[in-house]
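Read the structure below first, then the notes.
Chain nomenclature is as follows: A, B, C, D and E, assigned in order of appearance, with residue numbering initiated at 1 for each chain independently.
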Amino acid sequence: MPRRTAIRGNTAPGWPRRALFAIGGVLVLAVVWELYKALGPVEGVRWGQTVVLPRTSDLAMPHLWAIFQRYGQPVDSSAGSPTVLAAVARASLVSLGIAACGWAAGVVLGALLALLMVSWRLAERALLPYVILSQTVPLIALAPLVVTWGSQIHAGGFVWKQWMSVAAIAGYLAFFPISVGLLRGLRSAPVTQLELFRSFAAGWWRTLWSLRLPAAVTYLLPALRIAAAAAVVGAIVAEVSTGMQGGIGRTILAYGIASGGDPAKPWAAIIGAVVIGLVVAGAVSLIGLGLRRFRRGEESS
Amino acid sequence: STTTPTSKAGLTPVKIQLQWAVQAQFAGYVEAVKQGYYKDEGLDVTLVPAGGDIVPQTQLANGAVDYAIAWAPKALASREQGAAITDVAQIFQRSGTLQISFKDKGITSVKDLKGQTVGSWGGGNEFEPYAAMTKSGLDPATDVKVVQQGFDMNAFLDGDITAAQAMTYNELAQVLESKNPKTGKLYTLDDLNILNWSDLGFGMYQDGLWADTNKLKSDKAYQAQTVKVIAATLKGWVYARDHIDQTAADVVAAGSQLGLSHQTWQTNEVDKLIWPSPDGIGKIDSKEWAQTVDIALHTKNGSGATVISSKPDKDAYTNTYVDKALAELKKQGVDVTGEGFKPETVTLQPGGK
Amino acid sequence: MWRTVVPPVVFGVLLIAAWQAFVVGAQIKPFLLPAPSAIWQMIHQNPALIWRASLVTGGNALVGLIAGALVAVVLAGVAAAVRVVDHLSAPIVAAIAVLPIVAVAPVLYTMFGAGSQLPRQIVAGIAAFAPVFLNTLRGLRQVRPVHRELMTAYAATPWQATRAVTLPGALPYLFSGVNVAASLAVISALVAEYFGGPQTGLGSLITSAAANSGYAAAWAYVFGAIVVGLVFYLATLGLEKAVSRGGRTA
Amino acid sequence: MTDIDAVQVEQVSRVFAGGRRTVTALDDVSLSLAPGEFVSLIGPSGCGKSTLLRLIADLDAPSSGTVSVFGKTAQQARLDQDYGIAFQQAGLLPWRTVAANIALPLELHKVPASARKSRVAELLALVGLEDFASHYPDQLSGGMQQRVAIARALAEKPRLLLMDEPFGALDEMTRERMQTELVRLAAETGAAVVFVTHSIPEAVFLSDRVIVMSPRPGRITREIELGLGPAAERGERLRESTDFYAAVTAVREALHGEGAALPVGVETR
Amino acid sequence: MTDIDAVQVEQVSRVFAGGRRTVTALDDVSLSLAPGEFVSLIGPSGCGKSTLLRLIADLDAPSSGTVSVFGKTAQQARLDQDYGIAFQQAGLLPWRTVAANIALPLELHKVPASARKSRVAELLALVGLEDFASHYPDQLSGGMQQRVAIARALAEKPRLLLMDEPFGALDEMTRERMQTELVRLAAETGAAVVFVTHSIPEAVFLSDRVIVMSPRPGRITREIELGLGPAAERGERLRESTDFYAAVTAVREALHGEGAALPVGVETR
């Protein structure tokens, strides 16, 4: 008998408390970092030949305040050079935009695949293993192919741009969680409800729209979030792979090249990359708010 | 296709594929754009930056760009895979690849590398040290520990790599822009032992300008355009030779993400790889070419393969176009040999700022 | 068995046949797209090299996967038990989930030394951590009230309750995390080779070959990577079957 | 009966060819239902009650034999929406409000919004849930959910209602109230009903006729015609009447084979 | 009664302080149970039956009043493992075999392996599942699962059995068989039983005493002492006897307040 246990008190802390805890977590990490840097050996803790705890030199672990100071200073000595913060923010926005395109492309491709697999069992059996294996193909091998074949496309006035290659690669990473998650979600509609729709003589599309898709929302949302993170990672890797300028991936690399004399600089860019990842994941969570009514009964914590 | 679309102001659009991000390594091209030399020839040139996995010569062969800058050995390997490309101007006359180590390691000859951790970029940039080691009786697979070298020099600075690969114009500067934790001052050349592959006789042709072989054969307009591209480019390099500081500033302005002192150093060092060019900048020397081919034929890389398996055909390079361009420039009174070139002494700032 | 093996095999064969036909029919140059036959030839020529490199990369991925998964499980256990830890770790876990390899790998080589395999293993471990942590935490939270009350009724100690109910119940979740983590660990270990470490793995071979337009060779090494990924995937599936016999969670 | 039969099941068998062995869920079952007639199917677990219902609803097809509904094929009847169906679980869509759940079949069949609205209001009143129109299913008790499912089944005024243990999840009191309601509703709308249940008193209380089935292979073993008076008059009193107990005893005996209890350890499913 | 009471509930209240409003689940409830006595709790949904049972089991604590079990506090009784408990859902661990599920409490209380083995064999025989020892729960029917849960509750030969609607999920026939078994088991082991149910016939069939409760606030409204003869002799015949029907009617009336049916639309939970 489906007795509801929903009466349980809502023990999850509210928004402000959660945010406080999150800040606390970051602070704890910061303290651990600085403590280890202060107390750990410069050469790192070794176990036999390998370093098992990191080196504490400024090169390996710059002071956190050095990183934050670096944000306020100009990128380089040339006239009119923007601050690192401005440069990282601009590069992050570029990557964010590309990742968003890649994410959208991945969502469309992943959804199409999921629909194909859900409507045709044989397709699922034949395709699913390859969907999984597709993710073990390294981007190093893929990037040149994407760039090469992309440049062959000239349809009308359309010209394949470099950022499109980056977005395509981001999409390649993003489609995977979508196709797997959505497939599960579309299959999650209970048999009784599917039969109900059959008893209403509802067609395949109606059933998809009114039943399968709403039922898939709880699976789709985490998939969208994972796909967003994957798209960001994909965009950043692909920027480096394809040599695209202006994004945060390229910035990380460029600042990394300078790290020998300016160790805080690459960290400033890395933090930028993590922030876009979090922003994108957070933005996708907002989609979840819009779809709240499809998530009734989902556990809050 | 033979139809060359015209862009704004009747200029012909041309794309040149760089090997890397915009930096002073490509100063001549940057200046040819900046000083309007391409425009004077009726060309609207776009410099296309590359990244880790983009192979410039492949981009050229599949028509994504009109010209590409490439290292000869890698370009020859691509030719064996069917890429129809031709070296039409060999800008860098000397190889700029070094193997550097700290003085206290005592590595003064190739033989001293035995048993050491040797850095390598892989990806076709490793043939010079491999050839040198093989010649000296070292087996790169067993006698040294080859470690992948990343984009930064931290592994070298931390001592994880004893002898690191370095371009005179880039990674060497990265080291010299770093502080020696023991002294708190920047490292200097006195702290380093340097093996210079070019001086040791293992140099292979590096940055050259490559064009599409088939179009060179059949497309008159492309032939004429190639001469123009080369002429303007060489003029850019002349400017870079004569205005080192301005060039460095222009490179930074063109979007290089490294600092000014680094780009000044880089301009100066790149100039050294070009000037003086007694035969005229861009000329391919058949003896040097033969050395490149010879090393490419006989040196095995980490996976046991040689760069190329047979001698390249005669389309691999030609001086036809560079000769025309040089003649043109000489008529304009441009100094294309740089006999009197004197490198400057550049002071690097911490972090290359 | 028949139904699960035949369709993917047939699809794979068709795919490869179409690829071969395209390359041969349209006379695609090898530097644009290598033919499957050419790739196969490269595999055939150099099986020992691919095998050795696969062992290196696969070994790093395995160490990373095991370490990352262990840390994730332990931390998930603590987070499930102590709410404060859960809330404190939330932003850090979220950040780890979006850390790009390109950003962390160079830093790790600087922190742990570029001459060893450890940074690669850490990269693989970081990649494996997030999915295992998040799934396991969900699994640990999913203990059915009946089971929890049963343990109270039996006056079971917390450790007994954990062992008898919480851990076994969380296993399927843990494994669905491990399944995702497996292929992530492989790809991450491989990409990390790009930024440092001994040049003995598949990643080094792939870049090296690709830079010389040796795409047939590059794809022969990619084939090695795919096989390693497949082995990991099947191994985690098999492990799941072996450990969680007895069927579904409630 | 002058009308066409509401349901006509003729010599129907249904064999499931499972992995290792085949299961004969129904073996040569025949059954007919007059319009407006209320028939209950009762029998031990696995005797094929649900299977029979699903064949009538064209959610499954017989291995042999024919099923016709109002003189058409079961499939045509389904496409014409001649029946309403309710399952053991309410099967409401959790993301739709009560009103939207009831409106679902109307929406699917493109009934205009205004007509839909008034019909939903009618149905809400019928099942006594006017105040809950904009609640979501998880805000309702099990009994209320079941009433929503029943309202949904009635939405298109079907001439035939198929119900598979719709009250299984309810507590005894709610269940008895729902039974009273159902009898009233069926009488009011004149619908024929096929009602699957495990409960003997429920079957007796509701039906004009109880059909007793036995498993392996699924067969109809007895049909018991009941004469407990017109639907409208059934109520609490009936449940305590001697007639009622007599009928319950009769069905129990038909079901258990005259008191021959099975030994423990032999499962009937 | 010369013995100490098996259960002694004295003036117990339980108030849940929920988000917006407080719910008085039990209000001043007193109850005592002699050793070996079989008592059923019956009442509409939400009247506090489960809450009362959980207080006795020390799975929850009263807001006021005291609960003692065999003269000790409920907590002490729980720690001493004086009771066995079975919930509405069987609550078996899906990753343990039938035998391992039954052995669970013995394992947790460090009964040596050999003793455990023989006790499990005994229990399997008791519930007629000897052949299913190494099956997993998902390979069993609902009724078989419930029997495993009961065997588990009996594993440590408790002097008190607490059962919360253990037969709710079973079909009528299996349910009746399980009832017969339970009466026999309780009589054989001499255990006192507190049995929660929604089914009037079930309460009547099983119990020495039926306790009727009413909701909001949860109170005991009636206790009905039954004299249907010794446990061992109850069987199919009893269910059809006039005494049985009379008792069922008596409980029904106690429960429904003499035929005063509630209007549809007012939920009792």
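What we mean here is this: contacts are C-beta pairs under 8 Å (C-beta built on N, C-alpha and C of every residue); 3 or more make two chains touch, one makes a residue touch a chain.
All of these numbers come straight from a predicted model, not from anything done at the bench.
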item	value
Set of chains adjacent to chain B and to chain C	A
Least step count from chain A to chain C, where 1 means the two chains touch	1
Chain pair with more C-beta contacts, A-B versus C-E	A-B
Distance-maximising chain from chain D - centres being C-alpha averages	B
Approximate Å spacing (C-alpha centroids) for the pair chain A, chain B	36
Rounded Å distance, chain C centre to chain D centre (Cα mean)	51
Inter-chain centre distance, chain A versus chain D - centres from mean C-alpha coordinates, in Å	50
Residues of chain A touching at least two other chains	1, 3, 55, 59-60, 139-140, 144, 148, 240, 253, 256, 259
Shared-contact residues (touching 2 or more other chains) in chain C	32, 106, 110, 113, 194, 207, 210, 215
Where chain D touches two or more other chains at once, by residue number	141, 171
Parts of chain C lying in touch with chain B, wherever the complex brings them together	29-32, 46, 49, 105-106, 109-110, 113-115, 193-199, 204-205, 207-215, 217
Chain C contact footprint on chain A (complex, rising order)	5, 13, 17-18, 21-26, 28-29, 44, 49-52, 54-55, 59-61, 122, 125-130, 132-133, 135-141, 144-145, 148-149, 226, 229, 232-233, 236-237, 240, 249, 252-253, 256, 259, 266-267, 269-270, 273-274, 276-278, 280-281, 299, 301
Interfacial residue positions of chain A with respect to chain D in the complex	1-4, 6, 190, 192-193, 195-202, 206, 210-211, 214, 217, 293-297
Complex contact set, residues of chain D against chain A	54, 57-59, 78-79, 81, 83, 85, 87, 89, 91, 93-95, 104-105, 107-109, 136-138, 141-142, 169, 171
Chain E partner contacts - residues on chain D that touch it in the complex	44-45, 127-131, 141, 143-144, 171-174, 177, 180-181, 198-200, 235-237, 239-240, 245, 249, 252, 255-256, 259, 261-265, 267-269
